[in-house]
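Next come two complexes, and both contain chain A; in the first it sits with chain B, in the second with chain C.
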Partner chain A sequence: MTTRRAFLKPVVAAIAAALLAGAPAFAEVSDVAVKAAFIPKFARYVTWPSSAPARTSAQMIICIIGDDPFGTMLNAAAAGQEVDGRPMAVKRLSSAAGASDCAIAFIDGARTGETLAALGRQPILTVTDSRSSPQRGVIHFTIVDRRVRFFIDNAQAQARGLTISSRLLALAVGVNQG
Partner chain B sequence: MRKGVAIALGSVLFWAGRASAEEQPDLSNLSIEQLAQVKVTSVSKQAEPLSEAPASLYVIDHDQIVRSGALTIPEILRLAPNIQVYQSSPSHWIVTARGLNGLPSAQSFSNKLLVLIDGRTVYTPLFSGVYWDMPDLLPDDIERIEIISGPGATLWGANAVNGVINIITRSASSTSGFYLDVKGGTNEQVVGARLAGKAGSDLSYRAYLRWLHEDAFDLAGGGSANDAWHRLGGGFRLDWTPAARDLVTVQGDIFRGRDDEGIGALEDISGHDLVLRWNRDMGPGRQLQVQAFYDRSARDSFSQEGSFYVDTYDVDLQDSLPLGSRNQFVWGGGVRVAHYRINGTTNFFFVPDSRNLFLANLFVQDTFDLSRLVSLTAGLKAEHDPYVGTSLLPDLRLAITPAQSTLLWAAVSHAVRSATPFDEDVRESAPGITLTGDRNFQTEKLTAYELGLRLRPLSGLSFSATGFYHHYDDLRSVELGPGPGLNLFWGNELAGHSYGLEAWASARPFSWWTLSAGATLQKEQFHFKPGASAPFIGTTQNGTDPDHWLTLQSSMNLGRSVTLDLNLRAVGRLADSDVPAYAELGGRFAWNASDHLQLSLLGANLLHAQHVEYPGGDAIGRKILVGLEWRP
Partner chain C sequence: MRPLRKSLPQWGTAPAAIFIFAIAILAGGLAIILQNESTFRAARDRQAMVAAQVLAQSVTAAVDFSDATAAQQAVNAFRVNPQVRYVGVFDRSGRVLAAYDPSATRSGANLAQLQPPPPSTYRVSVPIMSAGQRIGTVIYGVEREAVSRRLTRYVVLGSLAVLAALVIITLGMAQAALRRANEELTERAEALAQSNELLAEQIEERAKAEDQLRQSQKMQALGQLTGGIAHDFNNLLTVIQGSADILSRDELADDRRKRFARAIVQAAENAAVLTSQLLAFARRQPLKPELVDLSELVAGMTDLLDRTMGERIRIETILGGSCPVTVDFNQLQSAILNVASNARDAMPEGGTLRIKVSVVRSQAGEPMSAVAISDSGTGMDSETTSRIFEPFFTTKKTGKGTGLGLSQVYGFATQSGGDVLVESEPSKGTTVTILLPCSQAEMMIDRKADEAPLPAQPRAVILVVEDNEEVGHFAETLLTELGHSVTLATSGEEALELARANDYDVVFSDVVMPGMGGLKLAEQLAQEKPGLPVILATGYSQEIAQSGSGGRPVILKPYRLATLSQALVDAIVSGTASS
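What follows is the complex of A and B.
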């Protein structure tokens, strides 16, 4: 009897505390938050061609094209990050028009395929999400064993003039070499 | 122990001082390798495919499924607010959308839903209804279930009259390793196991096995109904990406089971299926899908010697492509052959007892952007069935998105329920009474008018409402033929309309708590057409539907490792029947003891010792199970 009480008690305390306060005792980790944390970090493991805006402009621009699942999360994640001493900025677009200065483009929503097609072969690291689109950018998020992972399309990266480091390739759940 | 409580209170005070409901731990200092190892405790429901579809669509997602404590597909379907689910025995369920749940005493069974599992139809071509004891899956293997109430005939295909249930399992790459799922209580035991992994960089596999046993319920009048059942099933799925733009899926299942059907009566159920699917990304927004499947379903009520089998062969193609900058065009088609043989009994048989049913369809649909905010979708399907011939099924939908968080839509569509062997070929008899199928049976026709609104004003808050008006014609009716005794036959002498409202909302007041509520309100008015010969049987012979159906769900994360989920449903009295209104509660309490082990306590129908949901149905008892899920 005493052992059962000891087992039950912390659970009951946790429930009571959570209910009484009406506030989380522990924070949630959503897939969107992890994706937002990933995106600015990708920049360190990708080399853009020297003429690309990703290399020449004063800021490294991350674009969200189509639906925006992040709210303020991506801005927060990008805020502290820099590449070669250049800060990162987030820009939201409804279509591929105006995307030429993007270094990274996260593309989401029903028109992902059209947007990818419209971006042509511009030197942009395209990022897509399997939860909303079967069409794949260079990096395609997925969820494996409750962890956020991604596929890498290295053939598409090369067509865009991007070189992806082996450290990032090693983390992919699958790499398409073309 | 005191120290633990103090820390908990301290953290509560700390968090209570912060207003935002979307607190996230700081992930920015983690390396990419560490990020790849962060375990996600909640997966967003925001980016669902089809979420912009102008239809009354509800999606039950993976988290909802596993957290609900539901053990079988019909129990999972209870989570959707726009569908009605009734249990009549441990293995027998009735599922419908927008009413018409059947009336067993008039030999009428719910028959206007299209039900798909990964593209394979699971309703039987014999009467267009579903034997819900036949399909079964590991709940953890289901990615999501899309439920459309209302017609979806143009894109979805045959029998999508009152609704579509589209069950989509997870890709083989989304799971890995071994998984064991054991749930048991005094009345029900379920054991599931799965092995998944990768063979090379582009091939993922998964195989599963599941055993289910449920004890008999009581009869509504007391005493055992002697209707225990068990089922053993297994299957596999392979996902192969030979190139980035190609996905090839091969999957299959096999099962055997036995239903007790009262004292001395037993029914064996069995089946197997194989599905082949190829998706190709053709570039610039163009998607091509080719799918073929084979399915065998058989039931053998061996003590009474009635049995049947159905072999279905099906090939479908769908091609989606942008035309110019303003049109998204989809076309496709399919052919299906169902071969069946029914070994009837002396008082229930079919003439002929075997047929090859040939179905074919061809469809086109175009979504045209009238402006940046307004798009129009027009579709037309030509469907050929073996009895009546070709039916044309048009569908017109208008979608207005005045803001990114708002969708206003309207639709007019036409759908039919094609004739089946049960409508045309059946011969039933009892002393002094016969029922005969009608060779002139017509398709049952529906024209539906819908108006919908969907809002997502804030992250974590969503709302959907759909008003519908269904106009039915040529609904099946029991007719009276000449001669001594009651010589009944099927006719199409019922018509009428139904109208109603389906609404649901979901809110996340705190990042650890999600609340959802849903309501379906409906009214039905049917009348006999001038040619009707047996109006004394009543206008509710196609359904004894309630006028309301309410759901409430609460999903809580109580700390990092404990979850509590509750679901409540309240159903109105069934029209023209002795089934009263009822409310019931189910749910699950789970403790993730470690990354590898989860212990749970789950239950259903907790509020009453017994309740009845369907005319002639059993008294359904309370059930409580303990569960263990292990991922070594």
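What follows is the complex of A and C.
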């Protein structure tokens, strides 16, 4: 009896949470929205070097370099998200210039390759999308079975001084160990 | 009996104690099982929680990125554990991301639709946290306990219960059996006590009956004896009276007078034998052993036997030599008469009585004088033979026999150091042999002393004291006939007065008299007239038999003239000598 009652609590809580959130059906959400939701979450599974702006600045900045497919969706996803007590912010850039304080950089558009090259070895989690560019950042979005998945280039991450959690690596469609 | 009952309550407390012991075993076993159970549950709960937490950790990323495949892979790892009943990974909105549900009854689209677990399942719910936020929930359900473990528990519990029950049943049965045995024992003991009481009563009754029987037998025996004696006495008295009648006739020739007088003497002697037998039967006459020659005795008894046996019975005596024996003469004579009279009764149609005297050797090699008395009568069977020496045993009709005759024979023979042998066969006659040990002493007494001539009588003045008038007058006549001067007193008191007033040479007094008896008178006279000799006469005196006569001469009745005469002479001579 006690176990059953104890079990009921989270069930009730879950129902309440679902009602409050308004719970949009996941399948109806667009791939873009999924990607927008994913990007801030990557921060939880990545460890930046201690000297990186991602660790030192007051905010954890997510940069969008090039085209912006998200609109307000990324801002919405980042809002309220915290990493080590630091809030997240979204910054839009046209090029790699001024990207030195970025923790995560979503690079999209025709100049993705250039931008990646320009970012050099800065400790920035680069994210690219196979939809618009064959060049890959550390994380490269793709669609498998009509679902948003990603590749991880662990070698590039290590080159940038980033450590990616094995839990995230486990979710990747493929991992390039270099 | 009593200790048995006492021990019962002690036994009674034992089963209660053992019952409590059995309950204690059961309770202890239960406590251990419950303790194990709670320890096991705590460990199982901890394990479930840890497993759920590990799952929550490992699916964090999968939930974060809504990767159902990855989540399912993590969940599938639990398939190897058969105790896992349900594993569910839900995202923030409660939508199921991955689930493992072997029974396929609890799966649903989201957390809200999840069925509550059955009682046999223990379920934990762990939040999936990411960056301090709850991003989902892991529901992990395991079987409360393994089937084998539950079975084991039930088996152990069942075994314990059965064990306890067995202990109680066994002890109960043992106790019941013991109690039953105890009750049975008590009953038996009671029955035994009852039958014992009954037996004691019966014994008492039997003893009473035996006493009564003995008393009646005694009375019967006395009656028989009295009858027999009276009969014999009447016969003797007939002889005496007849002879006396003839003697009183004037024209009687001298030789015939003597013959009748002798007949009277003979009859009186026989009567004396009878009375002595009577006294022997009463056991009031101690044996007076004297040397007797059996051949002589038997020869002397021929006349008596002739008369006793009657005309139909021929008597043969074979005197094949004998040795002198030391026995009571009268008793021996009685014994022979007893056997002879039994022989006579065994030959109602007449026959031959053979008396054989001889010397034989005893089993120890001692020479014995034997008197074998054989008849040609009916004989006896072995059962009767074995009983003939029993007192009061008789085959004769009531009033015919006392049953004491042969018992007197046996008593006399054994008391004299001898034995009695009986040989008998039905219709072939009986031989009774009296064995008596030969004496080393020489024959000294001549039984025919009575026939000796009377001693010369000095004339004397005699005081005769006799309460019986007839005997008194007879004594007076007898003494006067002997030439004495006689005064007759009929009591001790009268005699004492006469003795004080007159001078007498000798006092001849009866012992048993009403008032002052002969002994008392003798003592009194010894004080007042010390020189006066006293002769006592008695048929039987208990006093004298017990304490003697104080050295005074005692003449036994019936006395012969010669005996009286000799005693008087002795007394007068001694009286003259002392005075």
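In this section, the second predicted complex is superposed on the first by the 150 of 178 C-alpha atoms of A that agree within 3 Å, B and C clash if a C-alpha of one lies under 4 Å from a C-alpha of the other, contacts with A are read in each partner's own complex, and residues count from 1 in each chain.
Here, a contact is a pair of C-beta atoms (placed from the backbone, for glycine too) under 8 Å apart; a residue touches a chain by one contact, two chains touch by 3 or more.
The structure displayed is predicted, hence computed values, not measured ones.
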Return first, second, both or neither, reflecting whether A:73 touches chain B, chain C, both chains, or no partner chain. first
After superposition on the shared chain, which partner residues are touched by A:30: those of chain B (first), chain C (second), both, or neither? first
Classify the contacts of A:38 with the two partner chains as first (chain B alone), second (chain C alone), both, or neither. both
Answer with first, second, both or neither: which of chain B and chain C does A:168 touch in the superposed model? both
Under the stated touch criterion, which partner chain does A:50 make contact with: chain B (first), chain C (second), both, or neither? neither
Of the partners chain B and chain C, which touch A:83 in the superposed model: first, second, both, neither? second
What part of chain A is shared between its chain B contacts and its chain C contacts? 6, 9-11, 14-15, 17-18, 21, 23, 26, 34, 38, 41, 45, 81, 149, 167-168, 171
Can you name the residues of chain A that touch chain C in the complex? 3-4, 6-11, 14-15, 17-18, 21, 23, 26, 34, 38, 41, 43-45, 81-83, 149, 165, 167-168, 170-171
Chain A residues touching chain B - in the complex, by the definition given at the top: 6, 9-11, 13-15, 17-18, 20-34, 36-38, 41-42, 45, 67, 69, 71, 73, 76-77, 80-81, 108-111, 113-114, 116-117, 129, 131-136, 142-149, 151, 153, 155-156, 167-168, 171, 173-176, 178
Can you check the complex and tell me which residues of chain B touch chain A? 1, 4-5, 8-9, 11-13, 15-16, 18, 22-25, 27-28, 30, 32-33, 35-44, 46-49, 52, 173-177, 201-202, 241, 243-244, 247, 279, 281, 283-287, 322, 404, 459, 510-512, 556-560, 562, 564, 591
Over in the complex, which chain C residues touch chain A? Could you list them? 58, 60-62, 64-67, 70, 90, 92-95, 110-112, 114, 116-117, 119, 122-125, 127, 130-132, 137, 139
